Amino acid sequence: MRKVAVLRKEHFNAAHRLHNPNISSSENVKIFGKCNNANGHGHNYDLTIRLVGEVDPKTGYVFDMKVLSDLIKEHILDRFDHKNLNLDVEEFKTLNPTAENIVITIYDILRAKIDARFELKVLLHETERNFVEYPI
Amino acid sequence: MRKVAVLRKEHFNAAHRLHNPNISSSENVKIFGKCNNANGHGHNYDLTIRLVGEVDPKTGYVFDMKVLSDLIKEHILDRFDHKNLNLDVEEFKTLNPTAENIVITIYDILRAKIDARFELKVLLHETERNFVEYPI
Amino acid sequence: MRKVAVLRKEHFNAAHRLHNPNISSSENVKIFGKCNNANGHGHNYDLTIRLVGEVDPKTGYVFDMKVLSDLIKEHILDRFDHKNLNLDVEEFKTLNPTAENIVITIYDILRAKIDARFELKVLLHETERNFVEYPI
Amino acid sequence: MRKVAVLRKEHFNAAHRLHNPNISSSENVKIFGKCNNANGHGHNYDLTIRLVGEVDPKTGYVFDMKVLSDLIKEHILDRFDHKNLNLDVEEFKTLNPTAENIVITIYDILRAKIDARFELKVLLHETERNFVEYPI
Amino acid sequence: MRKVAVLRKEHFNAAHRLHNPNISSSENVKIFGKCNNANGHGHNYDLTIRLVGEVDPKTGYVFDMKVLSDLIKEHILDRFDHKNLNLDVEEFKTLNPTAENIVITIYDILRAKIDARFELKVLLHETERNFVEYPI
Amino acid sequence: MRKVAVLRKEHFNAAHRLHNPNISSSENVKIFGKCNNANGHGHNYDLTIRLVGEVDPKTGYVFDMKVLSDLIKEHILDRFDHKNLNLDVEEFKTLNPTAENIVITIYDILRAKIDARFELKVLLHETERNFVEYPI
């Protein structure tokens, strides 16, 4: 059977603040600049999930996009969308919500929910100009 | 002289919370849903400024886009970008930062800075799917 | 009160065929070219609804975007999305589903559902390069 | 010589219906939902072809994009564009035209027309949110 | 009959230099900055033509988009695309090719070719962030 | 430590002419067509830089996007933006500025400025439809 990659793009809107509580305020400002603003700022995040697997001859699908969309909704969007990542999302209470840490966190959450026979990759756009991929 | 409209698109990333302090919590939730989340959420706002005026025969410009971009930066982006609109921006401490109220606020700020011989219009995308224009 | 325009973008995917049953086959081919293909073709339609009204001081909204989205879903998307416009949608059984006729049809449907104090305009992208607006 | 990937994006507009004739109507509806609509629906497909090869020192090209565009036009667009995939395109008379099956079909057609010294990959967007890649 | 606006988007890639030969070099640099670079620079221009007219009951069209596209190709793209506007295009040998002057020039060319019963408007994107409209 | 890819998108606007001085005029026209226009044409180039590395536990960053943006500005944009690539940029005085040669040139410049522990990849869009990647 031939393997195809299928990709599904979703969105969430969230506030965040980049901050490391283990270093001084001045070092936080030096490293994170305006992203360290005490009251936070926010983004329209574009989230793309990429699965690789064999095409099922019965359905012509690698993975039902509706099922994938529902999985993303249940495990990611319902927890991240219209939230303050630092204050409302468990994982980021002790982890700085940089795009890098968000993409790894989303990967770990979804990897546990998607059968291991599918390769999984996560792409996250924080803005149109800054984005990340995991794993590489 | 013939009049041309010139448009300049800029961006800012901000957190906000939709909330009316003069009504009950339950009514706030009913009206604003997940946008009422206590710790806020955020957006990549796309801001487009449209000026209408005559083309200057010397420059071929209606308005120097570099000057317009600097004006937007000084009066809007430096105050709104990477901020929490409700907590960090004076105008929204007492005004609910809906897209409608943000676009009127930006218009009022810029109208005072741009010569009255130029017609001014402001367009604001909160997401790819929700946007506003003022004046109509 | 100041008036603001609020816009909401939605999508539907539909098949259609451009054909006028009152003229000959050869004239249909001459006018509509490959769009006259007997078995139809299709598009991802982008639909943007623009309402103009006063900002409600209580909510900061002109119109609740969730309510507008639900209206579009109920009256347009549920009837047009994943359909063959010519065969499945009542209005186009006797009306050629050109972008012009679709945009007028959508306007008429929504105009009847939205309070007359709001100005209404409909924009429809058939492709990235061909789009229409009604009324002008 | 160093290898570069060159990519060319094209478009086609087509109708399709997801359906497996070997299973019951109710199972088809269960699997394909609204995509199983008897009269079909449609999409603006974005097709991206990616070739990898060495840069020709005479031309500075890996592959002439005009020649690639003409190849895609002759072998894919002229057969798929403004067509009903299920009814008008030979390959899909017996193959369910899911994005996965379309992308493999396009790959097989183009692979036979492009010199084997070029690696070939095909990306297909069915909508802005659903897309596929083959091979991985 | 009801009037609909139909819009067609086309592209051209051109070099240009902003320069006024009637003022000094230093004033040119002061006004046009890096856009005054002696050897020019360039853009992917997005050109959108908007026509307003009544829907023809026979065709369901305001204006055949294929005919409009051919008109734009013959009168604009064949003269502007893959050209140096200042050196290769007659109109800009004595007119500074700012976006404002380009949009007026395109309007004047097309206005003479399109029946007066259609209202005409031209939109020109020089970049994603700078664009112009004429007439207003 | 887990590796993440971080990507940063920048833009530059430049003129270029495709031409090989070692072959005849007629062969240049045959190979490069309208891209061989003597006075050049131009593009809005979209440049995306992709770095792969481990996430620094102190910052949550693979690489500071502000530092990457400044590096791109200093070494690429300040030399390529608003320039005629053939006439103003040293590397292309003797190298045909095809997208392939531009992307390799940018890679070589940046590879020398970015620590070898980061994998580097460059993507360049010449238009929305033509783009290149190096290395593969």
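Here the chain labels run A, B, C, D, E and F in written order, and each chain numbers its own residues starting at 1.
The rule we apply is simple: a contact is a pair of C-beta atoms (placed from the backbone, for glycine too) under 8 Å apart; a residue touches a chain by one contact, two chains touch by 3 or more.
For clarity, every value in this text was computed on a predicted model and none was experimentally measured.
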Contact-graph distance - origin chain D, target chain F: 1
Starting at chain E, fewest touch steps before arriving at chain F: 1
Remotest chain, chain D as reference, centres from CA atoms: B
Reference chain E; chain at largest CA-centroid distance: A
Cα-centroid distance, chain A relative to chain F, in whole angstrom: 28
Inter-chain centre distance, chain D versus chain E - centres from mean C-alpha coordinates, in Å: 34
Where chain B touches two or more other chains, by residue: 128
Chain-chain contacts as defined at top: A-B, A-D, A-F, B-C, B-E, C-D, C-E, D-F, E-F
Residues of chain A touching chain B in the complex: 11, 13-16, 34-35, 37, 39-44, 81-84, 87-88, 127-128
List of chain C residues in touch with chain B within their complex: 2-10, 52, 55, 58-62, 64-66, 119
Residues on chain E engaged by chain B in the complex (per definition of touch): 18, 20, 23, 31-33, 95-101, 103-104, 128-136
